[in-house]
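Structures follow.
Heads up, the next two complexes both have chain A, just with different partners, chain B and then chain C.
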Partner chain A sequence: MKKVLATGNDAVLRAALDAGAGMFCGYPITPSTEILAGWAKAASKNKNLVFVQTEDEAAAGFGAIGGILAGKKAWVATAGMGNVIMQDPLSLAEAMRIPIVVYIAQRGGPSTGTVIFSQQEVVLTRHGGNGEGLRIVYSPGNIQELYDYVFKAFNIAWKYYFPVFILSDGYLGKTLSEVTYHQGKSMPPHPIMLNEHRLAAGQHLNLRNCYSLEEELGEVLKKQIADWEKMSEKVTEHEEFYVKDADLLIFAHGSVSQAAKAAIMEARAKGLKVGLFRPLTLSPFPIKESRKIVKNIKKILTIEASLGQFSDIVKSAIFGATGALYFEFFKPAEGITPEEILEKIEEYL
Partner chain B sequence: MNAAMPKCFKKESKPSKFCPGCGHSIVLKVLGQAIDDLGIQKKSFFSIDIGCSLLAWDFFDVDTIQTHHGRTVPVAWGFKRANNKAIVIAYTGDGGGYAIGLQNLIHASLRQENITVIAVNNTLYAMTGGQAAPTTMPHEITDSTPGGDFTLEKPFFGPEALLTVAEGTPYIARGSISNPLILKNYIKKAILHQQEGKGFSFVEALSTCPTNWKTDAKKSFEFLKEMEKTYKLGELKSA
Partner chain C sequence: MTKPLKIVIAGEGGQGVQVIGKTLTVGAFIAGKHTTFIPNYGVEQRGGVSIAFVQISGGEIPFPKFAKADVLVVLCRRAVERTKTYIKPDTLYIYDREQISSRDVEDIECQKIGLDGQEYAKKYLISKVANVIYLSAIVASKKLYSIETVKKALMKEIGDKLLQDQKLHQLNFKAVDAGAKMIEVALKEAGEKVNV
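The block that comes next holds the complex of A and B.
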């Protein structure tokens, strides 16, 4: 256990190393480049760490998948259009249950957009492939959580064999903060292919993601969806903040949830009954928990730095569970301050 | 050619799913013989592209993964980087290798990734019904070059191109299913090159596609011979 002053990017790197990551493949893109450069530095000092700077994000993702098949805890980091390009390998990871860990530093979009902040990669990260989005997506809100959830991501990936994403942003990555490195227990990886035990038993593994018949793929998906649902209850996480007596309940995630907390503290000082429900897993979403909490709420306010990508998830989760009035505050690709949120709280309460 | 099935063939998946007259079966047979000869069945990782090559996903009793279009090469080097004792063989068609996956192929050769890539050149995208590939011959009729229109004046020469960019001392050769023994020899040499840690190795195999060429046995072989006039067979040496 060690308390240090670190940037979000440093905390992410440290968490991956503490979790036993052994391989990183990447392509530079702001604001996730520091992860790539930081891993390169670590790999130049430690020959056991594999580092490959690839020709594009697709190669990075597929290279990492190759490494995982061979038994390394391999991971990638990207942002914006890099996230778009990487959906090709990530779709394969989803189809073939590859335990890849993906750090996404959201930037403004569409296209090249801006380089530091947005919450516009929610849909892409949850549902980027041509499938059902069987991916775990964490949305940490501060530097400590970046460390905690990147560390956890490797364990969850290798336990359940679904791709795991940490949905962050450039502000979080570059923020300097106090953080405690408390390396916990990490799951050991093992080779998926050329696995010694299997080979010793005379078995060979032939894997595909292409099927001839609808029913064949249907069976595969049925099993995957059943595994996903069984796992969901165990991995779903959320935080409740001043919710007990709240008349107005805010839904927010990631860095915006931190601004919401600051606004709620100020509102509470003024006697305003407002609270926060904050999903830490955007996928699987805490549906049961959010439905329970909105039951007796009078008003709901969803706040995000995009045009409703998050709000759509909230609305679908709580559909029919409440008679509360529903308000939205969107600032696509722009930062949201506690002052702005306080203004909205005062307007709606 | 040895008529016996290679030992590493998965018997349950034979007869194979390839069309009658398809060259893939011959390329895979000599690859299987090479794997047997070198005794590497239990340490080989076979990574295949989509397109017709994906039909090889359960061809061998060898650990095999079927990936995405053009992406078999990065999966292959990713595996090798994580397990350098493995013999890693990537298998692709000319579309996957020279169109959508060319960037990955070139950079793998540039970084001297210690893997073996086998690219099967039948001058078109076969699985999707025979559209033009970078290897389509000038004025060749395909599904997307009707009447021979829209073809390149000069097709893409994979081994020759890689020779100009690959770093170090790569092993690069072009064989044909018209001479399986030589093709097998090239594949064995490529795998040995990898086994000795010498870096990138690449074999292109000229192959037949009677289904999309719409040719009978005789005409298929005649077209293969035409291809061999354009695509010179042999081991390519660095200048």
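The block that comes next holds the complex of A and C.
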């Protein structure tokens, strides 16, 4: 255990190293570049660490998949347009059940937008490209959680063989604050191509992403979806904050959920009955838990830095479970401060 | 709940605004406080108004950004307009008198303190330590932590450079002392007692 002062990007890098990551492929993009640069520096001092700077994000994703097939805990970090470009290899990772870890620092969009902050990559990161979006997405809210969930992502990926994403943002990556490094237990990697659990000796593993018959693919997907559902209950995480007697329940995720916490503390000091439901996994979403909690709530307020990408998930999760009034506060690609949230609480309560 | 003290520093790119922000945070960490620092790292970083957001608290700080500042430090004229949104009635507004005239800030309604940090640095030290004067002035204005801790934080941040250059080392430490003294005198003149 060691408490240090670090930026979010420092904490992400440290978590990956502590989790035993052995390979990073990437193409620099703000606000995640320091991770690539930090890995390059670490790799220059430790020959067991592989670093490949690729020509673009698609190649980075494919390169990391190659590393995983050969037995490296490989990972990638990107943002914004890089997240878009990387979706082709990440769809392949889904198809082949490759335990890749992906760090996403959301920035403002569309297109180049800003290098600063947004929550506009929720749909893209949760669902990805073609396919069913069988991918775990964590949404940490502060630097400590960045460290904790990046570390955890490697264990979850190598346990369940689904791609794991840490959906962060530019604020989190660039903030300097305290963090405690408490390296836990990490699972050792193994070459996926020679996975003894799947194969008899001497057999070759033919990982496929291409099928001739629709029924063939249908069967594979059925099994993958069944695995996903079996896993979902075990990995779903959420946090409840002052919910017990709340009349107004806020739904928020990531760093915005932390701004909401600060606002709720101020509101509570004024006697306002407001609480927070905050999914830590955006995928799988804590559907059961959110439905249970909204039952006796009078008003719901969903807050996000995009135009309803997160709110749509909330609405679909709680559909039919509550008669509460539903409000939304959207600020696409802009930071949301505790002060603004407090104003909204006072407006709706 | 302990409310964090919220500080905004704004100036031209190159005035060392982000160094002030980061070193303030490092000092707070050394002093055992909770702290956050986030730069405004948009296009401004490449020639424009540069802004740093710092919070220091005895308790946890949930979120790094905020709408209103308790202390606002403005080091160039065009940052005056850019930072008006961070002012509330009880903001302590510190500005550099070489860059900004009292007329530039006449419509700002909160406690205003004009300091001669840049002029002093040019005359008695070297111009590039002006930001260290303001760093120390911020710390002393709200008694965030000791002046010794400011020096420790500086060593942590730019110690490699300072250890190679004794003269620069001395100039930086003199700037720390000067900044604390300057704000102490200015606040006293403004009728507020400070116990540094």
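What we mean here is this: the second predicted complex is superposed on the first by the 342 of 349 C-alpha atoms of A that agree within 3 Å, B and C clash if a C-alpha of one lies under 4 Å from a C-alpha of the other, contacts with A are read in each partner's own complex, and residues count from 1 in each chain.
Here is the rule we go by: contacts are C-beta pairs under 8 Å (C-beta built on N, C-alpha and C of every residue); 3 or more make two chains touch, one makes a residue touch a chain.
What you are looking at is a predicted structure, and each value in this text was computed from that prediction instead of being measured.
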A:209 touches, of chain B and chain C: first, second, both or neither? first
Touching partner for A:191 - first (chain B), second (chain C), both, neither: first
Contacts of A:25 with chain B and chain C, given as first, second, both or neither: first
Touching partner for A:332 - first (chain B), second (chain C), both, neither: neither
First, second, both or neither for A:65, with chain B first and chain C second: first
Winner by number of chain A residues touched, once chain B and chain C are compared: B
On chain A, the residue positions that both chain B and chain C contact, one per complex: none
Sites on chain B touched by chain A in the complex: 10, 42-43, 45, 47, 50, 54, 57-58, 60-68, 71, 74-83, 86, 103-104, 106-107, 111
Partner chain A, residues of chain C touching it in the complex: 1, 22, 25-26, 29, 34-39, 41-42, 61-68
Of all residues in chain A, those that touch chain C in their complex: 5, 30-31, 114-116, 142, 170-171, 174-178, 255, 258-259, 261-262, 265-266, 269, 335, 337-340
In the complex, chain A residues that touch chain B: 22-23, 25, 50, 52, 54-56, 58-60, 62-72, 74, 88-89, 91-92, 96, 191, 193-194, 199, 204-210
